[in-house]
Amino acid sequence: MRLRRHSAIDDERFHDECGVFGVFGHPEAANMTYLGLHGLQHRGQESAGIAAADGKRIHTHRVLGLVQDNFSAETIAALPGDRAIGHVRYSTAGGSGLSCAQPITVRSARGWLSLAHNGNLPDAEDIRLRLEEEGSIFQTTTDSEVIVHLIARSQGESLTDRIIDALSQVEGAYSLLFLAMDQLVAVRDPYGFRPLCLGRLGNARVVASESTAFDLIEATFERDVAPGEMVVIDARGVRSFFPFPPRPRRMCIFEHIYFARPDSVIDGLPVIDVRRRLGERLADEQPADADVVIAVPDSGTPAALGYANRLHIPFALGLIRSHYVGRTFIEPRQSIRHFGVKLKLNPVRAVLRGRRVAVIDDSIVRGTTSMKIVRMLRDAGAAAVHLRISSPPPPGPGDYGIDTPTREELIASQQSIEAVRDFVRCDTLGYLSLEGAHAAAGGTLSDKQFCDACFSGDYPVAVRRTSRSDPPACGCGDMNGGRDAPDERNQEARR
Amino acid sequence: MRLRRHSAIDDERFHDECGVFGVFGHPEAANMTYLGLHGLQHRGQESAGIAAADGKRIHTHRVLGLVQDNFSAETIAALPGDRAIGHVRYSTAGGSGLSCAQPITVRSARGWLSLAHNGNLPDAEDIRLRLEEEGSIFQTTTDSEVIVHLIARSQGESLTDRIIDALSQVEGAYSLLFLAMDQLVAVRDPYGFRPLCLGRLGNARVVASESTAFDLIEATFERDVAPGEMVVIDARGVRSFFPFPPRPRRMCIFEHIYFARPDSVIDGLPVIDVRRRLGERLADEQPADADVVIAVPDSGTPAALGYANRLHIPFALGLIRSHYVGRTFIEPRQSIRHFGVKLKLNPVRAVLRGRRVAVIDDSIVRGTTSMKIVRMLRDAGAAAVHLRISSPPPPGPGDYGIDTPTREELIASQQSIEAVRDFVRCDTLGYLSLEGAHAAAGGTLSDKQFCDACFSGDYPVAVRRTSRSDPPACGCGDMNGGRDAPDERNQEARR
Amino acid sequence: MRLRRHSAIDDERFHDECGVFGVFGHPEAANMTYLGLHGLQHRGQESAGIAAADGKRIHTHRVLGLVQDNFSAETIAALPGDRAIGHVRYSTAGGSGLSCAQPITVRSARGWLSLAHNGNLPDAEDIRLRLEEEGSIFQTTTDSEVIVHLIARSQGESLTDRIIDALSQVEGAYSLLFLAMDQLVAVRDPYGFRPLCLGRLGNARVVASESTAFDLIEATFERDVAPGEMVVIDARGVRSFFPFPPRPRRMCIFEHIYFARPDSVIDGLPVIDVRRRLGERLADEQPADADVVIAVPDSGTPAALGYANRLHIPFALGLIRSHYVGRTFIEPRQSIRHFGVKLKLNPVRAVLRGRRVAVIDDSIVRGTTSMKIVRMLRDAGAAAVHLRISSPPPPGPGDYGIDTPTREELIASQQSIEAVRDFVRCDTLGYLSLEGAHAAAGGTLSDKQFCDACFSGDYPVAVRRTSRSDPPACGCGDMNGGRDAPDERNQEARR
Amino acid sequence: MRLRRHSAIDDERFHDECGVFGVFGHPEAANMTYLGLHGLQHRGQESAGIAAADGKRIHTHRVLGLVQDNFSAETIAALPGDRAIGHVRYSTAGGSGLSCAQPITVRSARGWLSLAHNGNLPDAEDIRLRLEEEGSIFQTTTDSEVIVHLIARSQGESLTDRIIDALSQVEGAYSLLFLAMDQLVAVRDPYGFRPLCLGRLGNARVVASESTAFDLIEATFERDVAPGEMVVIDARGVRSFFPFPPRPRRMCIFEHIYFARPDSVIDGLPVIDVRRRLGERLADEQPADADVVIAVPDSGTPAALGYANRLHIPFALGLIRSHYVGRTFIEPRQSIRHFGVKLKLNPVRAVLRGRRVAVIDDSIVRGTTSMKIVRMLRDAGAAAVHLRISSPPPPGPGDYGIDTPTREELIASQQSIEAVRDFVRCDTLGYLSLEGAHAAAGGTLSDKQFCDACFSGDYPVAVRRTSRSDPPACGCGDMNGGRDAPDERNQEARR
């Protein structure tokens, strides 16, 4: 008998990113941030944090795990003030812990400052080494902290001057929120890799990675923050600046394919429409001779509906997702085949028996989950299993905030499609093409409206890490996941 | 700021029942029971318990809340033996607590005995009062304990004799499991109100309320236990008895409509097929002039697919269900409208805007949730909202194991359909007819293959509780929810 | 590295007993009981419980462990009413758990009843088997529950009639409290084995095992409850009855020697005076040729002061007791000699070096602790170690509520004093005589004012358990520690 | 009903200090440190921490509260390596939390470094402001962190060079341990304000604030670290340096009077001897006309024995200290007089009734505890109460690591002895003289072997904080208790 952690299916997807949320001018700023982060929870489940400013200081509370499980009424009450920022984070290494959680809050001779970052700064490590040589002491191992130190050393007069000064020294992907005693500053990098949007909640202003953060708190979506824009919110209102040299727009296409919630609208594009079109294009490119189309719920459902509709094959519920799956299960010694997948999904024999089944998923990462699902469908009586994937086959890990398993595990990137099919043991396997993905999002491969560097290797920013074998360890700014932070154990006492 | 418990949507459904599971002859009986109960979790989330017998005694562990959250590897390890039974339970009153949890285990001069019960015994209270007058001391307030006392007082020679003796003194609904040191006994009442099925796991035998309990542990479904059958499992194998006078078969129709999982097969009938046909019948009886059909996920989805297909209207994802909803949320002082529903469901504007929407749910209980969903759809831009319910309007609470809100709250039972529509504020409202429900399950109103007494008032068993204003408080045997058990506080220390 | 439980020293003393406390007519009855139990905590640390009655029912909360660690403001608030009883318990087997905790509360057709018991009923097992044959179902394995069943079956008209009826059927040691909806009844057995006293707290009445329970809550001691007396406290006031045949007074002498707190006064005798005289008698009987007298703190200190004073040898602090010792310690793999004793006691080299030391303790049970202390004193430089024990050598385990290690472990009872000295490795060893113990308490061996059956084997009650090899497992009513209770695991969920 | 924290008596004593422990070359370094800190627990109960170095990094774990309650086998196991340092800390403000806990661990370009500090650096705040202006970011508000930053900025070649460089820039009290990957460095300030001693444990070396840290782990005391000495322990062995200008020896006299354990030997002087002589001197200076001498246990006991012996008055146990007192108690609404003191101490009527009592304590701080004890003794029947204090009356708070209540609370420092007597309501009150305290420790007022600046105002170090109204907030290096650390909330999640 042993405990098994079962985030099986999610673990084998490309990892979600981080999410940021900010509010200025609301009497219950921390509570609103807590609810806003709930609407961004899909972007990161490893840790979460809120920093709130009242007239005197910034209070910060950071936790491991989900927002709703780890913030209490007491911790929210201990975050007074009418302005706050929050962060949810995903990371690769289980051990990275609270030491890499955000917001990062510091107090220096120039006052309090808190930061929340979604993105990745490839050159942060070099800057960090230089600053340490000069006597700076870092608290964490995240690349985000480099920004804080650059700001502390800047001789810029105002906070915004110092932020511009600091960001001019780095290249990379960032949607950033800064909270000072009297200002909330939001910055999106010039390429616009990661989403960021503005809204209004009564007299208060809100800013978030996705508009789903606004829905629960009944805030109104106003507009996306533009690539390269710095938005300053304070008692005088909202001001907008474009302090950086312009760059071509390069929104990450995988926000639309996997990361964002289907009910989000990013840079004007409804995600659910993109996902339906991904299924339609997949039907065009990779039709299947099937009696029924089913989805791997819930992530595969939007594309499956598009796929079924395009091919005029009935859509049915062939896999039921359990509502009661937590993170660990007690497994018998006498092992159960495909235990992790079975905990989450159960096949519906009445739908599958004797039928040729097209099953739609949004990705294959390590392949083991797909293999288990195929086996489960066959055991339930499926006459044939045609696996269709509504994203392109990944050639290699990316560099801008997408955390993937190690290269070795990315079977699709190293083996032919045929080898994957052999491993997964489906009758036929079809991926969407990269062209198809761009088309579903309304672009083309050549117009480069979207960044697909993770899959194409075509990086818009000069990446100076070519000699390293590992991809950036964390999509959210962890420039060095393998280097432990001094005090992390300390903070994990909480667990 | 305050904490709000948010089981909102589920709370306003007709309450689920209980579930029972048993295994005989498996070296990891308690672990298998734990996993089996996970597959029955939808039948009861208030409490759970496992009793396991080794050669020396029966060990019992009962908890409040979900199986996976409240059993640990240590507690499973402390339940040794190769035979075990388990129970999950729903109940009305939040305060009923562990004292009403099952299995109930006792040790008397005749040895150890443990019991798990799904059902309801209307005459248990009278028997209980008589036994107390004679000096019996009851530990709990459940009607199930009456069976234990009747067995303890029986002069029958064998355990099965004493069980038959005890059950001959009661009338009602029961799917019962008894665990003794060397036997597992399963009994289904002569009407067959509640499901019960048998399976095989290697050399071991398993028994469960629904076949979904077998899927995770890879047990094979063998057959349903017949109404009135007593199955005795011991070292000699499996024996079957029919010791009670025969009765007409009266499976509860709401098992098919709400209670069971869609991936179950009950008395030979796949639940998912019944639910799809409920949607098709609903389309025939209550068509809607709509551009899109959406479901209230996940319970409304099977019928919605049937509804959409029959009317050739596209099915789409108009409401996204959050994967991260727990039991409590910290709500701001400045109240958020429809907070509970919003935590679980978010509308998809791109699907709804400007469209006439048919939204399918499996029930309306108090009406407030439906009203909030209708409002949410309109706020997201729906041009019209046509609400369709894949079950009949409930005329009054039932008496055989279905726990419903009080009569006053059952708006559909006291007001006309029109009044409900006014309250819910949809454009049109349509329920499935009782005839339609029977037809979807393959029967007719007049053949009475199914019990629909909760809705029709047509009770197959003489109910002696007519003078009482309240319905039976608990579908799982709690004959007296308002009467507190002596030691309950004690055991709630755990919380 | 491993965890070690370190109640070392206490574990090797004769085990403490149980304590009972009751209050009638105080608006904060449960809180007063909680504080009263704190003043009786030395009588039992395994479990504790409080039952409180308001107009409607009896609420009960029982916990494992210390009163202060396991009751919270919430649990106290959930015990409303102006009358309450409480219990602290010691028991032998670590596994006995909550199932043996008291008060025991039941609700029958005749209403609520709660019981707290300090004592032991040797014939309870026989009665229990008879009742089970007749169909009674027991919840626990304690002999105390037999009383509850006898009361439930009594046809006596009033509660006091039924109590008298029930207690007339048992023999043994008991100081008992009964709480009903409108009465608090206290009974002390006719021999008066265990202490029980009455007090007043404003208009409320209090009753407790020792007067130390009154001190913290500022109640006034009024008088001891007499042997064989039944005190009934209700709205009419306090009434006294003597319903049982009179017996010779036989207060347990070990209450004075070990069990009671030194600041208690029992049956008119201050315990601290008895303990000082034990030291003086020990000095007369077993003088030591020493330079300094030290105590094993704190239990040995009163006798050590008497010993030092009688012999005109200086008393000094030779062993310092740590204030920070909890129940478990993380021990290195590389084992530390005498770790458990060292955690609690540290020798003072400046006091011991080069001196001949007389060290006074109140008992030797297994001898290993004494051996470690002797070694520790020698390592710190003592020139000679003369161990003096202020109690008689135990010839065998007793039968009336004293829980001792198994016979095999009672080294002093099976080996000559000389063998003990060899094992403990002190220079000389001296015990007080049984005569000396009686004399210190103001009696004589022959007048039998005190029960010394544990040591003398001279039992005042016919004990029918002669064929059994083990002594009564629990001084507080557990007639069968090895027989597990049905539901204990259940309740241990709390831990 | 409310919860009350009851560290009453201790809270009103002059606060204990901090304690440090280090070990080099032991395979279970963290476990040994854990046990060593247990032996220093009396020096600080607010927080504790351990940092351990293996070949790769330094792991640190810090907790609030007691060592034994807050370190688990898992946390110890997660601190691998054969060298470690640890710290226990007391501080004034309850809110200071984990952010001020030690060891402080940082990782810079020059590698890992961890520090544990007992003492106080009055000029740290000025240095800190200067460093922040230059862009340094501080993690905590402790003066100890200043040392870390000075080391990080030093251009010294070796670690010891950088330590010497940093310490040359500060003045104050310090016993400091530094842990690097390959070295353990111990430094005692040139005045020797705080104790520090060296020992041996097999082949490993140990260093600790007091020798009691060695006793439990069976290490051998070797020698005290000399004032101004820097001891470097590494693979080459133990080397000693005296890099600072010499200063006169000024051991804090209150280590002997209050702080140290009675079983410690500091700079060659057994503490228990000093405490006995304090009692003897007190008897000479302030004899009482009493029938019995009692102590406020346990801190007053050594002096009480000396006092009783000198005056030939019997010593007795007049107050019994409870073994079961934790940190919080549920107090009834109907308040109990002197509740906090009663939870800990109970008077023994048989000792006190009708007697003139001399009661010996080691200090009076706020006076309320003394007043309660005097009242308790009178209520228990004492004919007269003569209070004798084995320390001098404090004229004002000190500046070198002794944390005292605010000036206003120091009643003895602002009122005449007579006013204190009136407040406390004893019959007579006598303090030991400052001369007497020096004499008991073997010195004289004029030879200044001991620092008594807290009481005399005669500071050996030029204190540059004269313009500030408050004394240093924390005896252990907290230069600014009122300035909150950025991330403290974060870390208090643990609670």
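By written order: A, B, C and D. Residues from 1 in each chain.
Operating definition for what follows: a contact is a pair of C-beta atoms (placed from the backbone, for glycine too) under 8 Å apart; a residue touches a chain by one contact, two chains touch by 3 or more.
Owing to the predicted nature of the structure, the values given are computational and were not obtained by experimental measurement.
Going by the touch criterion stated earlier, list every chain that contacts chain A and also contacts chain B.
none
For chain D, which other chain has the most distant CA centre?
B
What is the distance, in whole Å, between the centres of chain A and chain C, each centre taken as the mean of its C-alpha atoms?
The computed centroid separation for chain A versus chain C comes out at 61 Å.
When the C-alpha atoms of chain A and chain D are each averaged to a single point, how far apart are the two points in Å?
The separation of the two C-alpha centroids amounts to 49 Å.
When the centre of a chain is set as the mean of its C-alpha atoms, what distance in Å lies between chain C and chain D?
Between these chains, centre-to-centre, one finds 37 Å.
When you check chain C against every other chain, which residues touch at least two of them?
Not one residue in chain C touches at least two other chains.
So what shape is it, when you link every pair of chains that touch: line, ring, star, complete or other?
Graph shape, chains as nodes and touching pairs as edges: a ring.
Would you pull the chain C residues touching chain B in the complex into a rising list?
49, 57-63, 70, 75, 78-79, 98, 105-109, 112, 129, 132-133, 135-139, 148-149, 152-153, 483-487, 489-491, 493-494
Going by the contact rule at the top, pick out the chain C residues touching chain D in the complex.
My answer: residues 1-3, 27-28, 31-32, 34-35, 38-39, 41-42, 45, 66-69, 71-73, 76-77, 212, 215-218, 261-263, 265, 270, 272-273, 298, 301-302, 305, 309, 314-317, 320-326, 328-334, 336-337, 339, 342-343, 346-351.
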